[in-house]
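Here subunit A shows up in two complexes: once beside subunit B, once beside subunit C.
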Partner chain A sequence: MSERRKWHERLKVTLWTLIVPPTVWAGHFLFAYLWAAISCAKNGAFAKFPVLFTLGTLLALGVIALSGWVAWKQQRTIGDPPPHDEGTEVDRLRFLAKSTLLLAGLSFMAVLFTALPVVFIGDCR
Partner chain B sequence: MSLHDQDDPALREAQEARLRKVWEPPKGLFLRWTDTNNNQVGVWYVLTAFGFMLFAGVLALIMRMQLAVPDNDLVDAGTFNQLFTLHGSVMMFLFAVPMFEAVSIILLPQLLGARDLPFPRLSAFGYWSFLIGGVFVSGSIFFDAAPDGGWFMYPPLTTRTDLSGLGADIWMLGLSFIEVSSVAAAVELIVGVLKCRPPGMRLNLMPLYAWYILVVAVMILFAFPPLIAGDVLFEMERLLDWPFFDASRGGDPLLWQHLFWIFGHPEVYIVFLPSIALFAMLVPTFARRHLLGYPWIVLAAVGTAFLSFGLWVHHMFATGLPKISLAFFSAASEAVAIPTAVQIFVFIVTLWAGRVVWSTPLLYATGSLAIFVIGGLTGVMVAVAPFDWQAHDTYFVVAHLHYVLIGGTLMPLFAGLYYYWPLITGKKLSDRLGRTAFWLIFVGANVCFFPMHLSGLEGMPRRVFTYPKELGLGGLNLASTIGSFVIAAGVAVILLDLCRSPWRQKAPRNPWEAGTLEWLAHPDDEDWGIRSIPLIESRYPIWDQEDFVRKVDEGRYFLPDAEEGRRETIVTSVLDARPVSVIRLGGPSWLPMLTAVALGGVFILTTYHFYWAALVSGVLTLALVLAWLWTGTAEIPEKPCKPIGHGIELPLYISGDSAPGWWAMFITMMADATAFSGLVFGYYFFWTRHEDFPPMAMADGPGVLWPMVALALGLASWLATMAARETHARGKITLARVLVLLGIGASLAGVFAGLAGPWLSGMDPQTHSYPAIVWTLAIWTTAHCGVAAIMLAYVLARSLAEKMTPSHDADIRNVTVYMHFLALTVTVTYLTIGLFPELA
Partner chain C sequence: MRKSTVVCALLLAGCNRHQSALAPFGLEARSTLTMTMVLVIGALVIALGVAAVYVLAVRAPEGRLDHAGGMRMVLWLGAIVPSVVLTALLVWALPAMRPLPETAQNLRIHVEGEQFWWRVRYQPQGQPPLISANEVRIPVGRTVVFELTATDVIHSFWIPGLAGKMDMIPGRTNRLVVKADKAGTYRGVCAEFCGLSHALMAFDVIAMEPASFDAWLAVSREPPIRTQGRGAALFAASGCNACHSLIGGESIGPDLTRFGERITVGAGILAPTVENTAAFIRDPHRSKPGARMPSYSAMPEADALAIARWLKEAGR
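Entry: the complex of A and B
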């Protein structure tokens, strides 16, 4: 491995980074709920093209995709032989990275799930 | 001590004698109840929770007898209301949640190769709280005073004292007390999993049971506190007539539903995940191979935990919220099926790839998965809002939730019972009786609950004490009743099996030939937990590590001795389980039990409006807690380090974020902050529900000045504490003491300033929800300032008594964590109540 490692290799996954994708989902979900509840309670409607909501959703998807990409890179860290379930530094890293990647997949889909109703439901009834 | 010393049998025997003496349980009729060892407390806990399960089961049988035929009059409507309320409440609060805590208290130290969990006295306190609260709530039915508003206690039916009697108070206060014990257990389990793993057990080698427990304990931290916040508001309304849920005075009954279900839905997963966690232990054993897809289970557990917090409104689909809001929760409710299915597929694939041994526990496991999947599928149906509007409040929902809970909690626990009974007692249960019981329960559950789908779709509402013959539901209901008695017969067979156990032969050690650490336990049990704490190199060390059992038994790993006559275990680092220190554990003591009794007094006396007596009980609780802390925590050891074998020396005292105590404070305060956010949610919820909030006529209070003064004082006490911590660490003890004194002064002044705003502007909390919620936020925050003053005074006293020194400063470091959260609380409270009226 060269001395100058890429930033996504230096950024080591931990228990905290593991929960980044689902936390982003939770943040987006809360945002969506509050956005709809407050728009409906205070305006009685939300605008036809909900810019704020769209931007929030794209931001959430972006962060999840980014953390998924970092996790993808790290779960391929070279070192120990397969099946990568030993008690070594590399295998622990690969495990956390892989779990993060899986969570990123789930969270990405869950954000899309949450965003879909806005496409189909246009008012506050 | 070197490795080869352990070759000497005389040395080993001497070590064993010392360990045995240290871990010897207290004897005698009364003293034995002072024990805190996890294998004792865990067993009491399990037996008590099992007892409550049988009690709640009998309530269900009475209900089913009443509903067996139309127009029946076995019990009257009032009694029936008490029966279903108590059945649901007891099963959820006194069986499912405590049972998971109980099982974890027994299993977790074994799974982690620890001698005990880090706070054994806290476990004991949790147990006694649970017992007292549970008996209080359950016993009420014998005095015709049981709660009768349904297990979710919807206001206004339950908040109006002319519509519901003492039962509602018993539910609120009794179960609040039990929620305290659940949070205590969560603290214990999280710190246990993160900090008490054996050396070498990195996160990727942790038994999956521990992963599940970590996830579930964290869920408790975020799920239970909103309910505690709801309980606070609820009791304020019942006891003091503050109208949080009274629509005629600006309140809103929906606020309770939100707070209840933010707790109530994650609760379902809180009881489901630990039960499925048992599968993650027994499936590999009976498939005779490693579990496939380890990271996928972690995905499933963590993913389910997060998504479960986005489901609560699917219990409120029929309340008239905007459809867009319903749709968000509907979407999340469908998404949670994905991680749930992933773990089921992992178990199936592991069995498929292994050489399956069809044991009784595995029979229960596979049978329960079949039942659970049916419940899961009807769950996907009711998560679709238009379907739910049809099925809401009918027996369809009753069928759904019982399929989920019997398949997802009850039967997995029976699987665990058959699997782990040899671990606890050294004896196997009968395969013949176990299989008979399984088929009775499996068939009974389907006969009982499947017809409820149909009766529900045909229009049978929930929670009615009888139904007319003309509805044509007599046949389906009779089938349900017969099924319920078949389940009861199955449970009776299990009971018979358990009762016959004492006369059976001891089983061999590790009778299922499992590969995980807990099976190191010897049939002739020793109380020390594990002979020596091993170095872990595999997920299944008994299978994979050479001579593993012998090396553990011969004390060839770490900490094989108790030279100083103290109960000890090893603390390791969070990610990689590197040894960090040896901690001394609390031994037998009266304090946990007495503290639980005193705290129980606060809740129980308040129920009967004996406020002065409750206050005395509260002061007593405080005194006992202080005594417990003073004598049992942050003790300065007689020497700085001790060897644990293999040339490793570990410190006996640590402070800051590597210490278990620091984590416990941090975790407790996360729960506290979540409860607080529930109250803040209440404030802004009212704002969204009203055209003008605060109402114009009341918007003058509490003004800007006093909240800002209180904010400044709160932040000053926080800064003073941080400065005290830093100066103290640099050895300037006198300066640190002065700073602590300043902190105490600022906190106390903050109490008065915080209350001055609403007080001086004459806000009357009985008139409207606005003054009521402002007062509540102010009281919550000032109470926290008061506690801060007590904590800082404690720190000062520790320093003066020289129990806290610059190199042994756990006390002030832990209190600083509290103060960080205090700073957050004062900031949010005073900005909200002081400035928001200016903006709105």
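Entry: the complex of A and C
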């Protein structure tokens, strides 16, 4: 019991870690669009399958997957027994962990959907 | 039953072969139609599947369904399968969004949207340009690049059977690369509200076999032979030539060089008869509210008919 308590103390999900996956998605989105716009405006052409873009996308997917994994670990924390008359620390943790996990899934797909057009279209028009 | 027959009849009345994304004559519209069909049928299958699962769940005997099974189904059918299906659709559809490849040798057609007509300039490689209006001819099987712009407000160039629409924005040139694959006579429209006669701003699209297109382009470059009769005198005396060119030059209003060849009058709205042309000259705002052309209501009908007859004899 004391060992498990230690485990969430180290990797405790909070409201701040909850917004990590959507923030990474937003950052990747902005990066992809700005990079395409600047590349088209300055070079007049799309760089074909650029290394920077691939690395950025992999990094974003990695961070999202990591925060999803942490959330998955923590949402398996055993909940308090009924009656659920008031919110407890464990309830809060389980709720935040589950929400983070779902957001991580959504953000992962969103980053993938943002990256695919770059790979398949590669045209400034 | 009677009501549904009426509704079906009304829906069927929208069917046609000359202005419909469901009757494609170009590569882009054809791939869009295929995708539309796959999506519609796929959505139908999914909707029926969901309805079937729902019926099964409601009819299941007590104790047959459990919470864990339900959550598993939500995970698979609610998250994993949709993600995979949507990713697959995206990967399949994205290459179709890529513009067709083009080279400097491709025919360029410059089209300018104006309230409420289309200024057209063919720019074949290595040949002088050809000016026309309210009609676009393209060769089948060859890549054609439309260079689209506008002079007054934003218009949108849309030939539903050929490709998607493209905005025409003043001060900017948008490019639309197309390839027709079936000869025929079709229709395009303005797809961005642009004023009173927006819905009356259309044009004819004629997809021709390459050989006949080349022949047409060569013939059209020669100025048409015109008689110097009463129509010609009235055309000049009424000041029509202040706005309308008869020799394919730059002009304020639509070019009328090969007016007799056109298959509609007034940018795709009237049948090409002498009577319609004369009526348009005397009162353009009746069939085209808001058009820039002034009315010639004081002109006797006989004079308008003479001008119309004279205009129509050229370019035949």
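FYI, the second predicted complex is superposed on the first by the 110 of 125 C-alpha atoms of A that agree within 3 Å, B and C clash if a C-alpha of one lies under 4 Å from a C-alpha of the other, contacts with A are read in each partner's own complex, and residues count from 1 in each chain.
The working rule: contacts are C-beta pairs under 8 Å (C-beta built on N, C-alpha and C of every residue); 3 or more make two chains touch, one makes a residue touch a chain.
Given the structure is predicted, the values throughout are model-derived calculations rather than measurements.
Once the two complexes are laid over each other on the shared chain, residue contacts for A:50 go to neither subunit B nor subunit C.
In the overlay built on the shared chain, the residue A:85 is in contact with subunit B alone; subunit C does not reach it. Between subunit B and subunit C, the partner in contact with more residues of subunit A is B.
Once chain A of one complex is fitted onto chain A of the other, the partner contacts of A:96 are limited to subunit B, with no touch recorded for subunit C. In the superposition on chain A, A:109 makes contact with both subunit B and subunit C.
When the shared chain is aligned, subunit B comes close enough to touch A:33, but subunit C does not. Residue contacts after overlaying the shared chain place A:23 against subunit B, while subunit C stays out of touching range. After overlaying the two complexes on the shared chain, residue contacts for A:41 are found with subunit B alone; subunit C is out of touch. In the superposition on chain A, subunit A positions 109, 113, 116-117, 120-121, 123, 125 are in contact with subunit B in one complex as well as with subunit C in the other.
Residues of subunit A touching subunit C in their complex: 105, 109, 112-113, 116-117, 120-123, 125. Residues of subunit C that touch subunit A in their complex: 79, 83, 86-87, 90-91, 94-95, 97-99, 175.
Looking at the complex, you find that subunit A touches subunit B at residues 14-15, 18-19, 22-23, 25-26, 29, 32-33, 36-38, 40-42, 46, 85-87, 89, 91-92, 94-96, 98-99, 102-103, 106-107, 109-110, 113-114, 116-118, 120-121, 123-125. Residue ranges of subunit B in contact with subunit A, taken from their complex: 200-205, 290, 294-296, 298-299, 302-303, 305-307, 309-310, 322-325, 327-328, 330-332, 334-335, 338-339, 536-539, 574-576, 688-689.
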